[in-house]
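Written below as structure tokens is the structure these notes are about.
Going in written order, the chains are labelled A, B, C and D, and every chain counts its residues from 1.
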Amino acid sequence: MVIMKEFIKYEAGWSDADELLLCLDTGSWRTKRPVVDRQKCNYCALCALYCPPQCMVNMNDYFTPNLDFCKGCGICAKECPRGAVTMVPEGEFAHEGAKR
Amino acid sequence: MVQKAKKLPRVFDYFRDEDQFVGGLAFCAGCPLELALRILSKVLGRETVLVGTPSCSAPVIHGQNIGTWHRLPYYGCLMTGVPSSATGLARYYRKVGKDVNVVCFTGDGCAADVGFQPLSGAAERNEHFIYICYDNEGYMNTGIQRSSTTPRGAATTTTPVGVAGRGKETSAKNLPLIMAMHRPSYVATATLSHLEDFVKKLLKAEEKRKEGFVYIHVFIPCAVGWGIESDSTIQVSRMAVRTNYFPLWEAENGKFRLTHTVATPKPITEYTKLIRKFRHLTEEELARLQEEVNSNFAFLRHLTEFGGGESPSNAEG
Amino acid sequence: MKEIRFHGRGGQGAVLAARMLAAAFVVEGKHAASFPMYGFERRGAPVVAFTRLDDKPVREKTQIYNPDCLVVIDPGLINLPTLFAGLKPEGILILNSPRLLENQLNQNLRLAGVVNATQIADEEIGRDVPNTCLLGAFAATTGWVDLKSILSSLGDYFSGDLLERNIRSVERGFHEVKVSKW
Amino acid sequence: MKAQKGEIRVITGNAAAAYGAMLCRPDVVASYPITPQSEVVEQLSRFHADGILDAEMVEVEGENSAMNIVAAVTLAGGRAFTATSSAGLAFMFDAFLMTAGYRAPVVMINVNRELTSIFSVSGGQQDIMTVLNAGWVQISVENCQEILDSVIMAFRLAEDIEIQLPVMVCYDGFYLSFLAEAVEIPAREDVDQFLAPLKLQPERTKLVPEKPLGCGTHGILRGFMELRYKHCAALERAKQKLEEIDREFGEFFGRSYGGQIEEYRTEDAEIVVLTSGSAVGTARTVVDAKRAQGLKVGLIKLRMIRPFPRERLTQALKGKKAVGIIDRSVCFGWNCGPMYMELRALCPDIGFVPMMSFIDGLANMDISIPHIERVIDDVYAASQGKPYQEVTWIPLEE
């Protein structure tokens, strides 16, 4: 998960975003994934606003989760006033393989 | 085909920068803390130096060796040193003529307990920086122990419920009010359910820190520590406001104002029933909690009347 | 080397007097060092302070056990049982007192300069701070330091009207001290 | 180039510390008063009020905040100063460790005081000996002039790009803090010139809003070990660096202090007494008197107590017949003085000669001339093969 460089170029504990940005594979944390019904979505953007990882992608007339980072918390589904987001168990997608 | 909204909510207009954090962060699923940090970075932008400490946010604010999780400059310090380190940074930047948002970001354990003395000191000196306390009502990072902002009756790992134990036996410390009593430049409370309110307060904070100390107390329900579903943290935040358990207010130079009023507050049980840490409470105990909520709110009301600050009329049911 | 021990009470300026005396020696190109020893900083509590004077640098950082001279800033301290402890033969006493000494008090005592510094301070400074007056008496009695040097060292500690008043207090101490010899 | 003659003033050790700090033009001063250090804070506040100290003055609510503030200032690229003592040092301990770990080039005064009961308002070196392993550079000084000069040298050492370590200048409470003596106060331009080489060095890593750098990435695993290794290496470099700075200071200002240690009449000495702080001055007088009686005794002033001047001490003590160490503090668990315990670690290098620990001067007890005479007599007897006592609590045997 954490990539360690061989040597620290600083004298003390300094991090440098230009050198190394860390990132967790939070897309693998999910047990359920949000599935957006484009027909029901009225593009109100509440799901995008409340999404903790801010990973709802604006598709110009609807939103869809970036599954690389979506942890599957379900807030988008809960907050959607139109019930356009459904949390579907990941098992339903297992046959698609590791690729998301 | 549904009628599509023509415009995105106003909150989007306040974002001046893109999210400064990487996509995959070490926050629990559904934690509003992650939302708070990402929104903060979008609203305050890159001219921000974060100051933080070991806590739930630490694995994200602070990097590991030379790696980091975001593009904001940050200063990681010990639990007792956050407001004082920020003082050092803000004073030095001022000395060399740099205008920087120095923003402390800590939990209630640091702010209300082990790091309270320097917080009080910095507020009294009216230092020019922003202190954001995210209140999850306990020491969540170390395993859900009680803090001084844990509410009466709540079960934690150090106030467990058993034959003799009934959860925390004392009231929560009202930290935002305590901070307001220092009469700094600006104090406000916020929740992630009321995002526009939160964002406006961040922007005001940026202005007011040029005059002096700014404190924002953000309500952060902890899915794991409180016993709520990951998808319900925003809902719980909203209910905390609707029951007046966590009223939204601000105090500018000592003048108090409610930024959001609730016309008919819901009973506290509407809030507690969503949260497992309260589920052992008897009717009597719940009545006592309700009394506390009522009297806290009445006190706040009085303060807004003294201060002459006007409260909005956009009452919510 | 000359070693001087000051005895006073908190608030009477014993520490400052010891320091000003060191400064006066330095004005003359000599070496000097001074430090106080007390527990809590409380008005009225007994205070001891030390000043050393020498032609070469003063290296010792110890208390003074065998003083050449005692400066007693509070008249009541004359009855302190340990006041004369360690006084060297040919010892000198500078005493703030409204009354002259009737006898030698200690066999090692050779010279005693007595002045009513409290009264002089009251008249000149308007407060019971007899310390500077006793420095005048010290200069006159011991002859170890010039009155001028004492006066010039005051400038580091006082200014304006207070400086003028203290200068008068020192001068009166210098002129009004009564010296007894044994 | 020589510095001009400075103004001579009779000032206390505390005032000398404040003058030293003021002359170095710190950006921020944050310090909380405590007896016997308070005068340092008061004096700096006075300088600020009088317009001769252009610094941000933070009137902190405690020492812990003071240390956090000065550490942050130096890591943002500024110069910062603080001062404390005893319980104040204890109260800042977490931040004190952090400052070293972050390699924050803070300069701090510690006015040595006893630890700790509420009545231990008295001199002693227990505070500075308790923090020996915190990763700071600690310099212990003897008189008021050395206090002032050492503060200036401390900034040169702390901020040197090869060092980047916090430096603590330690002087005895009461015996030095309140000691008034003639001190030459260097001219401001001369101090500027002495510190100027720092400006020619590459800039140290700074926390500034323009760069996406983070400070305090507590290294983990191998990264942490690497930082520790670098920290230890910097401490090692600090030894030689102090010698260089001290020499340069001497050439410019005409005063130098021997760097890590000062040897006094040790060349032909058969026995040696070692001590640190205000007792050194008194010991010089006693050594001179004993020399006059024909006793071949020398004195070592331990100036740098961290890092430990192992090489210089080995060189100075090799071939001596016996060594006595006077400590103004105790080493709990070893039942001796802390400097003595450290000296014992040098035995494989200097030879297993009699080494004696003398504990004196706790809680304002006076390390008097007769006490030091007794030390020399005892060490001499041991050097002559007489049986000796390893640890002596001098005042308790009187």
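Just so we're on the same page, a contact is a pair of C-beta atoms (placed from the backbone, for glycine too) under 8 Å apart; a residue touches a chain by one contact, two chains touch by 3 or more.
Since this is a predicted model, take the numbers as computed values, not measurements.
Visitor: Counting C-beta pairs in contact, which chain pair has more, B-D or C-D?
Guide: More contacting C-beta pairs are found at B-D.
Visitor: Counting only Cα atoms for the centres, state how far chain B is from chain D in Å.
Guide: 44
Visitor: Rounded to the nearest whole Å, what is the centre-to-centre distance of chain A and chain C, using the mean of the C-alpha atoms as each centre?
Guide: That gives a centre separation of 81 Å.
Visitor: Averaged over CA atoms, how far is the centre of chain C from the centre of chain D? Could you give it in whole Å?
Guide: Taking the average C-alpha coordinate of chain C and of chain D, the gap between them is 34 Å.
Visitor: So, what's the distance in Å between the C-alpha centres of chain B and chain A?
Guide: Between these chains, centre-to-centre, one finds 24 Å.
Visitor: Please list all residues of chain A that touch 2 or more other chains.
Guide: Residues 2, 4, 8, 10, 13-17 of chain A each touch two or more of the other chains.
Visitor: Which residues of chain B are in contact with two or more other chains?
Guide: Residues 62-68, 70-71 of chain B touch two or more partner chains.
Visitor: Among all residues of chain D, which ones touch two or more of the remaining chains?
Guide: If we look for residues of chain D contacting two or more partner chains, we find 212-220, 223.
Visitor: Tell me, which pairs of chains are in touch?
Guide: A-B, A-D, B-D, C-D
Visitor: In the complex of these two chains, what residues of chain C are touching chain D?
Guide: 15, 18-19, 22-23, 26, 31-37, 39-41, 58-63, 65, 153, 156
Visitor: Using the touch definition up top, name the residues of chain A that touch chain B in the complex.
Guide: Residue list for chain A touching chain B: 2-5, 8-10, 13-17, 19-27, 29-30, 39-46, 49-55, 61, 66, 68-69, 71-75, 77-79, 82, 87.
Visitor: Give every residue of chain D touching chain B within the complex, in rising order.
Guide: Touching chain B from chain D are residues 27-28, 30, 55-56, 58-62, 64-73, 75-78, 80, 94-95, 98, 207-209, 211-220, 223.
Visitor: Flag every residue of chain D that touches chain A in the complex, lowest number first.
Guide: Against chain A, the touching part of chain D is residues 101-103, 164, 204-205, 212-223, 226-227, 230-231, 234.
Visitor: Help me check something: in the complex, which residues belonging to chain B touch chain D?
Guide: Per the stated touch rule, the residues are 46-49, 62-68, 70-78, 80-81, 83-89, 91-96, 98, 100, 117-118, 120-122, 124-125.
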